[in-house]
Amino acid sequence: MEDKLIRLTVNGRDEAVVIRPLATLQDVLRDTLELTAVKSGCGQGGCGSCSVLVDGELRLSCLTLAERAEGAEVTTLEGLNETNAIVPLQQAFVENYAAQCGYCTAGMVVAAKALLDRNPAPSRDEIVEGLSGNLCRCTGFAPIVRAVQQAAQALSDTGEEAS
Amino acid sequence: MSMKELGVVGRNVGQRDLESHARGQTTYYEDVHYPRMLHLKMHRSAEPHANIVKVDTRKAAASPGVVCVLTHEDLPGKKVWNGLAAVGVGPEDEPVLAFDKVRWRGEPIVAVIAETPEAARAGAAKVEVEYDPLPGVFDVEEAISGSAPALTAHWPHNHYIYPDDHAASQIRFGDVEKGFAEADHIVEDKYQTSPIEQAPMETNGCIAKPGGDGRITVHTNTQAVHFARDNTAAILGLAPGKLRFLGGTVGGGFGGKVDVAVEPISVLAAMRTGRPVKFKYTREEEMQVSSTRSAWRLYIKDGVMNDGRIVARKITSYQDSGAYLRFSSYGSMKHAGHMPGPYTMPNVWVDARVVFTNRPPSSAMRGFGVMAASFAIELQMDKVAKTIGMDPWQLRLLNAYRNGDMRAHRKVNEDAAMVETIQAAARLAGHELPAEYQAMTSWDRKAS
Amino acid sequence: MPELLRPGSIDEAADLIARHGAAASVLAGGTSLMRETYPSDGGYLIGVDRLGLDKVVSHDGGWSVGAAVPLSVLREAVPIAALQAATREIGGPAVQNMATVGGNLFARAPFGDLAPALLALGARLVFATAGGETTQSIEDFYAGWADGAPPRAGLLTRIEIDAPTGASAYMKCARRRYSTPSVVTVAACVEKDGGTVSGARIALSGASAHPFRCAGAERAVIGSGLDEAAVTAAAAAAESAVEPQTDSVASEWYRRRMTGVFVRRVLAALA
Amino acid sequence: MAKVRGTGFAAVNYPTGMHLGGDPTQSLIHMTPAGDFVCTMASVDLGQGLRTVLAQIAAETLGVPYESIVVETADTDTGPHCTGTFASRTTHRAGNAVVMAAAEARKAMLEVAGELLEASPEDLETDGAGNIHIKGVAEKSVSVGEVAGAAHFGYGKTIAGRGAYLKPPSPMDPETGECDPDSTQAHACTVVEVEVDTETGVVEVIDMKSVYEVGQQVNPDLVKGQIVGGSWMGIGHALYETTAPGYPAIDPAPVDFQNYLQPGAAEMPEVACEVLEYPAESGPYGGKGVGEMVTNGPIPAIVNAINNALDVRITQIPVTPEVVLRALDEKRAQAEG
């Protein structure tokens, strides 16, 4: 088993990284590329704190082999702020106090983006279902659901994309 | 207290870290990157209670990528400790790394430090421990029944010993037996809470980074940086000034990050290797190894008059401390001191015991000692109301403590607003109270 | 640490599985295998992401579902309510994008919610082996499980699902609404001739070491009008047929009781 | 399928600060040459927002804009001692230390301003917007920035303050328990409605209303955040959470979030809350602690509501569906027996 070179696109940048055998996408993003918004709350696929988009789809980076992300387009939370401007979805999290300790937030915002990209006008229950793989221990979820509702409303008002 | 006109206190100014959270830019302990960082994994006891016959670390040390293996023999300072020793709580009863005996499944025995987390895990799995299993005890009342094996010589009857040889943290106020004799009704029940995991989204962890000048910087998610630093120094026999603890932004605590569970061994590993060392609990460790909220069992006996006055309350409670003390004696004192809840009673008797079992050690969580007390008391209040056929709202208002009342711990009550809070909740819930109950205030006991 | 092998063809994969035997684990979506504790210190992970098994083909009379089709794709591609309900209740959206149909059929108890739906639909499993392709009914596949572990039948390549000839229903007893392990899951497919049940498949998961069709419950409803007596008899038959385990989610006692309750509810939905 | 509803409530009090006191927190505040202030602490932010709350308290006492306060915390090399973030103590203990440090820094600031304005410091007031003027004479004014510049470059003075808050330790009499345990008490009353499925034993919390009394709120939105988060955690504790489902047996032992069950967003009802303010004599601007008590009302309120719905007597948590069904079975057996 040897280290391997893989190429992938992360937040719009082409990256070539050397990976250890069985390295996860999370290892590559957090440790190699230092994209530390990708959190590591359980390593079991149970908390969603490591959520990223792979080719536009919500994935858990802790359960994704880096080798299998070769050639993929990966978006982490950092990828939402390429121009530094805070996006409406993030702004809605701020305005609704949808974070306390903040550890779940990066995964939560990415999961919300995945939901809104697919369904720009979700019902409350669709939001609850869309975020059901992401745990939060502080807020009681209600502010998070409200933030996503507000973001969806803002997007429909302006016709913009989620991020 | 008369309040002057306030400016920014009382205003909603937002929360400072929210934007950096939403952007994923908040820096937690493990978001710093150091080259040549090593990773620590712990080999833990597979038995809940056993004598350790032999520990063989040779295969672990020879495992690919393993740099260093630490057992109790490598500890330069204390072999056993308690976090509150500096403020006089003792005796120190918990091994930093187990040596002669293990007392709970998951107890740390050998630390394995390697180039990668996977190599450290593989190395830790190769530590061989030979056990001579002992019978375990898991139930608090069984543990103190006299027929259970004693966990340590410190506690021959498996319960904590308070000053003056008391078996419990006590409250003795009035005469409960006299109160029971006078009461129209006796209401009794048993209550049980469960061990609960704080479950912060970020598990316990730290990175210990040698500075090259003999000092070590520890990035940690402890809830108490000075406490963690001073205990780490005391455990390792270091001058505290050798250590700098950096923290302050934590991915959730809830009481689960007070144990100084990861820092001492990481600092020792960093001192040994001269390299940064990271020790991060897996979620599995966080669930089954890190302290839980203590489980509590309570027996409550009330003497109640026909008019609803509770004239005597006797409480015996058992806090399941698990195998070691940690902060349990503090928790039981807080628990006892909280009794009998937000109510005034002339006769109160409390025995709050800390009991040792072969379970993972328990500790603080959000509302240490008080959550279980509130749970039991408020279920008991409903039973009292039902027994005497009284509206449970009125029962609570009648008995609610007032300013100026003497509490069971003999402090005169101040800052009370229980009556107003209950009245407001009744209004919010649409529960109509009779006029005399609406007219009650937290200041009316002295007037009546 | 196991070694990752990523064969480029089905034949190569089948050959690797045959060669490495018990040392090989098939890595599909990774939602079970990739957990921090890898399955073993050594051995082989055989990745099936390069085999073209991620397609659903719709044809006259049914669907041919590649074993590596993610659950979220299955939901979109195969419009059978019981299957759609089953996929919605396994993990959150990220897991549903990753976990595969094939992988879910190998999940250990109490996971594997897809199986009862596919058992009720009478699905067939197609395996690639070193000796060629074999097809097995899904109930025969589960009948071959021993000690809670699947048989070594080769590489599961696709699942053949016929268009249902009757009405089907699926229910999961769980402690939470979403992203929740099952207490028990029950699926049924019932064919009726007039008001009388002429054929029934009633399947359970979570309540025994592996998913299975409950013959006793099926016998109880065939020939009936799914009346109260028949449904009660089916629930009782299911309760006595299961061998539940106690775990953190539910006890043996509770699982058995919920088996009866949910067999009753599923059949009531089809009455 | 039968679903029945019930209501329950619970009234709780909660002590502020570590039991028996003896838990110090200290604070250092200094003014930069640009006229903003750095409040240096060792307190840890667990997400409850202490950087925000302490900045509000510092700004209030200093009489300067909230935005001009930086809270720098949790470096043991620079931060003065804090016992730690627990026991609902940070707003109270750290807040009081900040009040003291800010008062001392304010005094130094007003002394320099007095020299600039040729007035006695006692005759000066701050407008909270970055200016200091002579009481009643708004045009006799100097900005905080000008004071900072003068202090640093003109007079060579520090504008700084030290604060240390300690509730003196109170021993607990081992015989009677006599002690002075806490600084103040906060209060809450939570009312809950549940719906129980009597076939499956599943409990749904369909409504939760709470009233809290937490003294003067420093930041009402953050108080509400604690209340809502605690309501959810209370549902978790009451109905789901345990590391030992077979307690006191040590198995089964959940090790992941699939087996250690917590409620999800779908299990969270709308939470209404109302907050009363009876300022505490000992608190910073009358504040009490709120962070821990927020699970304590919901848990017994939920169990009382279940008992009310089913006319049973459950006295343990978590009230799993199995606990509900066994209680119903027992009630049925008693009715038949």
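As written, the chains take the letters A, B, C and D, and residue 1 is the first residue of each chain.
Simple rule for what comes next: contacts are C-beta pairs under 8 Å (C-beta built on N, C-alpha and C of every residue); 3 or more make two chains touch, one makes a residue touch a chain.
Since the model is a prediction, treat every value here as computed from it, not as a measurement.
By CA centroids, point me to the most central chain in this structure.
When every chain is reduced to its C-alpha mean, the one closest to the whole-protein mean is B.
Which chain's centre, taken as the mean of its Cα atoms, is farthest from the centre of chain D?
C
B-D versus A-B: which interface comes out with more C-beta contact pairs?
By the number of C-beta pairs in contact, the winner is B-D.
Measuring centre to centre with CA averages, how many angstrom lie between chain B and chain D?
18
I'd like the Å distance between the centres of chain A and chain B, where a centre is the mean of that chain's Cα atoms.
34
How big is the gap, in whole Å, between where the Cα atoms of chain C centre and where those of chain D centre?
One centre to the other, that is 48 Å.
How big is the gap, in whole Å, between where the Cα atoms of chain A centre and where those of chain C centre?
For chain A versus chain C, the centre distance works out to 30 Å.
For chain C, write out the residues touching at least two other chains, lowest number first.
Correct list: 1, 35-36, 177-179.
What positions in chain D touch 2 or more of the other chains?
Each of 46-47, 49, 221-222, 225, 230, 233, 253-254, 256-258, 260, 262, 264, 266 in chain D touches at least two other chains.
Which parts of chain A, given as residue numbers and ranges, touch two or more other chains?
Expected reply: 22, 42-44, 46-47, 97, 99-103, 128-129, 131-132, 135, 137-138.
May I ask you to sort the chain touch graph into line, ring, star, complete or other?
Drawn as a graph, the chains make a fully connected set, so complete.
Residues of chain D touching chain A in their complex?
So the residues of chain D touching chain A come out as 46-49, 221-222, 224-225, 228-233, 256-258, 262, 264-266, 268, 270-271.
Once bound in the complex, which stretches of chain B touch chain A?
Contact set of chain B toward chain A: 14-15, 17-28, 30-31, 33, 116, 118, 199-203, 249-254, 282-283.
What part of chain C is in contact with chain D in the complex they form?
35, 173, 175-181, 246-251, 253-254, 257-258, 261, 265
Spell out the part of chain A that touches chain D in their complex, as residue ranges.
Against chain D, the touching part of chain A is residues 42, 44, 46-47, 97, 99-103, 125, 127-129, 131-132, 135, 137-145.
Over in the complex, which chain C residues touch chain A? Could you list them?
Listed in rising order, the residues of chain C that touch chain A are 1-4, 6, 27, 29-31, 34-36, 38, 45, 47, 49, 88, 91-95, 97-98, 177-179.
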